[in-house]
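Next, two complexes with chain A in common: one pairs it with chain B, the other with chain C.
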Partner chain A sequence: MSNSVAIVGMGYTSPRPLTPEVSYKEMIYEAAIKAYHDANLPSHKDIDGFVTCAEDFIEGTSIFDEYTPDQLGGVQKPMHTITGDLLHGIATAVMNIQTGQQDIVVVEAHSKLSNVKSLDHITHYATDPILTRPLNVNPHAFAALDMQRFLHVSKNTLKHCAEVVIKNKRNAFKNDLSCHAQNLTVQEVLDSEETFRPLTHLQKASPVDGAFVFVLANAKKAKKLNKKPIWIRGCGWISDSPSLETRAWDTCDYAKLSGQMAYRQAKIKNPKTQIDFFEIDDTYAFKELQHLEALGIYDKGKSGNALLNGALDPDGAMPTNVSGGTLGVGTFHDASGGLRTVEMIKQLRGEAGPRQLKKANTGLAFSWRGVPTTSGITVIYSRKGA
Partner chain B sequence: MNLKGTPLKGKDFENGHVLTTKSRSNAFYAWDTGQGIGKYLQGLKEGKILGTYCKKCDRTVVPPRVFCELCMGSNIEWRVLKDTGRINTFSICYVNWDASRVEHPHLPAVIEIDGATKGHGIMHVLDEVAPKDIKIGMKVKAVWKRKEERKGDITDIQYWKPL
Partner chain C sequence: MSGKDEVAIVGAGMTKFMRRAKETPKELCFEAVRAALDSAEMTLDDIDCVIHGTAPDAFDGIHMKGEYLSDGSGAFKKPYMRGYVGGGTGVFSPIQGWYHIASGQFETALVVCEEKMSSFQPHPQGAFLTIFDNMTERPLKPNLLWIFALEMNRYMQTYGITIEDIAHVSVKNKNNAIKHPAAQLGKEITLEEVVNSEVLAWPVHREMVSPTSDGACAVILANKKRAKKITPKPIWISGVGWNLDTSYWTNRDLAYPQYVENAARLAYKMAGIKEPKKQINIVEPYDPFAYKECHHLEGLLLADKGKAPQLAIDGVTQRTGNMPSCPSGGLLGVGNPIAAAGLMKVCELFWQLRGEAEARQVPGKPKYGLAQAWGDLMQVGTVIIVRN
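This part shows the complex of A and B:
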């Protein structure tokens, strides 16, 4: 128990497609003071270190970590920024605390995607400048390539993918953070604007702005600060080959291996029975199914029918994206792990209101860093410590 | 100095004797200024330099912000500061972006604004001053653009000159 780490506070802003009235600093400040209040921190001065998650090219500012201390109360404190999802930040903070050098660490990530006026082009810079970029292929097409192969190998269908959209956008009605709740039919999803076949417009999450801040603490501090600490039982992260030519298209190894790494730490032998609910990357609808299968929740090709049978619904055996996911709430890019972690905390604390699950003792959050990456991270949260 | 190797000239690249790939960036952003900096820029458009005062820390800062990064409180008051100040630090820049020499040196400076707490000022440029005469602590005054030319931009102040 002495090496256990828990989340003791969370703060976030209301997601919206546009946030012209606040700067990213003001947005983060709002999330930060809410998180510190939620953590019952006597003062921000009690925080020993800060981890922020951001990508310079998305922010439009080089060496962005220079711009992160003020709004978090981190002036003249240890602070570093990593280019990863918020869940990568959680894993980093856990390690910081486990060194014994820091007792309380704050993790922050935000999205101001409305400020990025050439987002697809920025994403395009993630491709190889010599071998891929000259082909001038829109980066969303890489998701389409992935989807085509996934459907071919797994025998899941377009209808299954449409049902993911329907489920998540329906779940979003019960989440007051959602920007994209909607009642849809399979035909409406499949007949929506054809973008990058087999993808259609409604199968892709839409960008939203928002900020997330979490306070993590070691076991001793966690128990003092919060009556309902949420324990981090395992963190696993994997990057596969960046090469579009040679990556593991058929097996989604980044999800599989990151899950296995987290399961080992959490001493989970059978995730199907030992995990109660899932918040899984669904940036593109098929990804939810692909990731569930890679994480070992379903055998290859079985997730689609499970979805049709209601197993992924809030009252099903494997509730998945009860929050509405990024299809229902919106995508925050590298801050999307924040949405997943908020849902984990609310469910595990028993504070999820109208969408509270009956059984919520252990949950799994999984983030993928989006096209064209093969980077994934799994974090397992639990009501109880190790 | 005689160095071993194969010398390359510009035309070797132009003529394709050296294999290269070129790409031009397509990165466009529009940063929301928010409440703090938005009001500051509006002030500049009106010919005023605005700062904020934190009661708890007894500190007036510029550029202004809607929260205090030291106490993390938001109990702040807006203050109109003077458009005069003192040079905190400066440089005399003789080199262009392309490394060529400039005829008239560029003169960036940090100017502590009168009315702000000591140590608080803005980054800007000097003019109407001989480089050899610039000194730390020198009193300076803002030279504004004409009212109809101001856009709510940091360049609404053209430069600072000795007072």
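This part shows the complex of A and C:
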């Protein structure tokens, strides 16, 4: 990607399943202060623009962007909201900086899912009101359908899916942000409560609260602000069809095409050799494998065995979700791209402590917006600029 | 890259604005997109990315409404992003399209704005109950008419403006809208009829407030290289600006929209406009209420503080005046499907600056046009400046 943009600061709160003592505004404030400090920003007044990522129904407030500026220091500044994953916010900030009109842009996303009493009910409202909603199907059943199809077409197995859960929850032990680290066996995963066949309870990420703030800058400012800027080499985002009837069930096109777009920008011809580690959406365990294959990291049906051979482990050839992913840390919904970006930055800066990878020059983060959507986004981060 | 005059509008289309559309939200989007593509003689294959603007999900009762609307908006297997700043969304969406292209990442962009307010029963005003702070304000059960009545009152009190002064804006815009084929509320109306209409929340009268509407608009943007190939009459985006004020609207003086001025100053600076009163030939300020046109003309630095109503009284802002304001008929006349209403203003500038506004065409040879939208808790200003 020409016209380089880097992340120069990150801030986040400690993820927790319940946070009754703080409001979302207080969480964002804490993350913002930490991010601005990390970016060595003399003042929040030096920031040219702000982007937040949020959805009204999850926040419980219509036109939620009303409540975004104060806690970020964004009052009377250019600021807007994107209804997308935090990675969509990163892509937005990159574009804003590349226009030449803004030098420093802040991206924020948060999860206060503990405030949401009926998440499944709300997700149900994301289905087509005329064709799908009257069927009154729990939206997680769409994930189960997707999983059935994926296993059938790819010949990956339930055991492979269980091994994803085991790996990610084990990785999470080495991440101080994790809320759901656990030692499990294949049998325990598969025998956990069946939700929507073939999905079981332990194959689905559990919600946690947390806020993430990142400071992005153009090359000139980035080099001045931070000794270890992390460069954004490519962003690719794609939406497939929102309707269940017309989407690509077999090919996971939102991941495939978003990867291709990001690779093009990052001038990556062979992602299998040019990317060192991956933080991939694992909202449901099978999604990690499905997304890795769609992103071209493994050929169709090959990810499961690679996983069994240890290739996705921290010391394997394709370390995937070393952070523990959302299965191990917890899902922040649209803020989950924040967890992935934090891990990217820590690994690329060499600050990942006990889970620091030996080789971490280029990493790929991929987020999916969850059921019933087909929107995905790939961001490629690198220690070195273009 | 500065972004100035590097991105052009090359096509525009809209649906009719109406109280209750029979079309689904997706179908409204489709209709607007079809019209925009046809106007530029393009197909979806020519579109690199899609931007969607729509305000609260509560209207349509659809969570992640942007996702639902994506295929109707032509985003099938394309980069697609929905942004929003409440009522300011309609002018923000083309700004979003502008930065997609000005970043150098895309050559063309389709910008779609849709709102279907009639799905909310019995009246979409109910959806606005959920925009207020859930601890400090929502228990008071405020609605938008009340808080805008507060702002209108403050504006009138500060500058000694009367209801009659402001009513001139309603007369102008509703009469202008008669000539807009997509208008919902164009009508011949007199000053007396406006002033004597029902009081909804003092000092807001029925004929001083825009209707609730269903509708969609779309524009197509292209970079320099593509724009010149697509049309001999591209309309260039010279300046953009957006600005969001504090959530704590009760803590600031409502007499003047500082955030609109901030957004306008960004846009003027980018466009190289030093004397906006002289250089801006057509203006489409956001007019969901009659006083808002005045309020915004002042924030845009196109009128002195407290003097904007006089422009309507003197005929300066008439379609044939020196600085036509809302020649489309504005939200008061054409209608107010929130996000789509803002983009309707940008469509109007596109048609006016290309000389294609037919019966609404302003006389002379206008060069610069400015569209502005406003929203949230009287909090956000979005401004775009275009030229031919």
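The rule is short, and it goes like this: the second predicted complex is superposed on the first by the 384 of 386 C-alpha atoms of A that agree within 3 Å, B and C clash if a C-alpha of one lies under 4 Å from a C-alpha of the other, contacts with A are read in each partner's own complex, and residues count from 1 in each chain.
Following the convention adopted for this analysis, contacts are C-beta pairs under 8 Å (C-beta built on N, C-alpha and C of every residue); 3 or more make two chains touch, one makes a residue touch a chain.
These numbers were taken from a predicted model, which means no experiment stands behind them.
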After superposition on the shared chain, which partner residues are touched by A:H44: those of chain B (first), chain C (second), both, or neither? first
By the touch definition at the top of the document, which applies to A:S241: first (chain B), second (chain C), both, or neither? second
Who does A:V116 touch here: chain B (first), chain C (second), both, or neither? first
Could you tell me if A:T19 is touching chain B, chain C, both of them or neither one (first, second, both, neither)? first
Counting residues of chain A touched by each partner, does chain B or chain C come out ahead? C
Just chain B (first), just chain C (second), both, or neither: which does A:G60 touch? both
First (chain B), second (chain C), both or neither: which does A:V94 touch? second
Which partner chains sit in contact with A:P69 here, chain B, chain C, both or neither? Use first/second/both/neither. both
Output check: A:T157 vs chain B and chain C. Expected answer is one of first, second, both, neither. What do you get? neither
Given the touch rule stated above, what does A:Q187 touch, chain B (first), chain C (second), both, or neither? neither
Residue overlap on chain A between the chain B contact set and the chain C contact set? 57, 60, 69-70, 75, 122, 125, 129-130
Complex contact set, residues of chain A against chain B: 19-27, 29, 32-33, 36, 44, 57, 60, 69-71, 73, 75, 112, 114-118, 121-122, 124-125, 129-130, 133-134
Can you list the residues on chain B that touch chain A in the complex? 21, 23, 25-38, 65-67, 69-70, 72, 74
Give the list of chain C residues in touch with chain A in this complex. 1-3, 24, 55-58, 60-71, 75-86, 92, 96, 98-100, 102-105, 127-128, 130-131, 133-134, 240-248, 258-259, 262-263, 266, 270, 375-377, 379-380
Which positions of chain A touch chain C when the two form their complex? 2-3, 50, 55-58, 60-63, 65-70, 74-84, 88, 91-92, 94-96, 98-101, 122-123, 125-126, 128-130, 236-243, 246, 253, 257, 261, 265, 369, 372-373, 375
